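Written out below as structure tokens is the structure these notes cover.
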């Protein structure tokens, strides 16, 4: 399996998933109130759109960063990459569910939707950790990376597997704070080098 | 026709098809019961999403594996590749139909939906066999592959044309078992080299 | 503008358009009759899906064939290529409209839908002719193609601008015959070299 | 971050966004009047489809033009490119909202929808300006572009940040004139070299 084609396929899936987010934005002019009122009521969709766009955008940046280091693409790496894409692809769904619950306002539904949203992000964070683990194992074996260096890099890179469940808990208490948290974390990751690219 | 552009187009179609699976995941917060109850009732959609994601993911892996061996891209190969993509692209539809039938629970509808789901997989398995047959014919003619070797490879690679109809029959009896079967077969194929890549 | 990126963008649009055809396939298990009856009533969707898949597939093959000859990508070529993609992208819409009209059975609606379907194909045939005209003008100027040779090639390549309106007229009389015609023409073009690649 | 993969991802997002425009075209044969009447009533959708197709098409052309000059892809450039794509991806939504408001005919809704449509274009024009500013800063530092030359290029390239708000104001008065304006500006930009490529 060539790295080029794995990257092309992953880029394709990420590009489609990030663009499908727009399907959650919709109002119905001429039905139920003025367009302005409808747009106002749909504010959670707009906020969730921006946050999820940043989240998937940062996944794409990180995906690229870590696959630059990949030497061999074996079946295990393929599997974890597929798991990663599987969770990322659910984001348009978890985004629209959360936006719908926030617009509807039922507190219990909002909590469930926040867990769903946070769960998907935790899922891809775990998959990302396995992907990076597999890539750095190769680097370790070839001597391109030392064992302590790999441990530090793994710890930094797997931060999402701790951070995202915490944000999920925040979301159970107050979902908008979770969304703000994901936006902040995304912008942070976008502007700061990941452990991966500093390895 | 260059192999690069055929692969790029196929990757594009596969990436879009695998991502469109998410459109089948949807609930309607604020309508008909709590979100948790709705998510629970939609379990077949989630199971079918995972299975179909694995199925298309493995198609992508195998597509890449066998086109590495392709030397000339003639019109017949183009035709069978197009047939292959045509069946794969129906998977979001057969997936949502099966999930809908399982959620609705009508036994007769579930049987019909299982045949539809299994039929599409059988369709792409047949197209895949023709694609591999065309590629190996070139290898045979150029002497890169012997006749007995090709026969063995064809037998192994066309396993899906037997296996998928059997899984379809299983689905007529009990659809969840068919889904479990497809998941197992996909994971198996993901981790084991195909006849193609061992040729 | 590099040819590579024009081809990549065109391949992307064509791959998304061909895959979006699947969105027209949908039934609703548990609503209005058995699934089998619903699938039966939706036969025009399935037929139209196959025909349109072949139509877009052949566009992709021909797009590749003729851009192999392109030397310079100027603004006029970009414009006609964009027009071409604009008409191709409407095919999922014209396909679903025709399938819907056929399923509904109103004779007058079917005629309108056939004109819509045929009109879109005529539109891309015209754009294709301009694209090929622009590419061959370069070949003519550079001496890579003679004037009589170009005339013959243009005549052959623009066959669709005559053939598709004829098929549209056939569709006004009997829409299924138009669909059969498009399927036959597509398979013919898939297996026979276009004027473009023989130039 | 390699320029190739940034371009591939951007091309993917633009290709999906431009193709999703077709989802706004839909009629329902057999429901509420003849198909011809429905197509007639849906004229704003068709006009808006053509205009938005041109708008996104020109974005793609310009995106390519300016990234040819990019030397280093740093985090700031990634961020502004992501902002650019985020606004472009909303176009299928703003397009369908405007078309819906025009079809419905409520004057106040049309005004709101025109502001929404124009706002999204202004958003990507601003992001485009930052992208080009970042790219030319590199050129300035490396001496490939002089300070006065950069100033002129920035002024020309940021024309959209002035032009699009003006068109938005036009849209508040009469939305069809705004659409005509966007079509004209797009065709103008398609046929005339941007400041970017002349730099």
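Some notes on this structure:
To keep things simple, chains are lettered A, B, C and D as they appear, and every chain counts its residues starting from 1.
The rule is simple: contacts are C-beta pairs under 8 Å (C-beta built on N, C-alpha and C of every residue); 3 or more make two chains touch, one makes a residue touch a chain.
Here the structure is a predicted model, which is why all the values come from computation and not from measurement.
The pairing of chain B with chain C is characterised as different-residue: of all residue numbers used at this interface, under half are used by both copies. Taking the mean Cα position of each chain as its centre, B sits at the greatest distance from chain D.
Chain C and chain D have Cα centroids lying 26 Å from one another.
Once the centre of each chain is set as its mean CA position, chain B and chain D turn out to be 37 Å apart. Across the assembly, chain D contributes 8, 12, 15-16, 20, 23 as residues in contact with two or more other chains.
Every residue of chain B that touches chain A in the complex is listed here, in rising order: 7-8, 11-12, 14-16, 18-23, 25-30, 34-36, 39, 49-50, 53-54, 57, 60-61, 64-65, 187, 190-192. Chain C contributes residues 1-2, 5, 8-9, 12-13, 15-17, 20, 23, 75-76, 78-79, 82, 85-86, 89-90, 92-93, 96-97, 100-101, 103-106, 108-109, 112-113, 116 to its touches with chain D in the complex.
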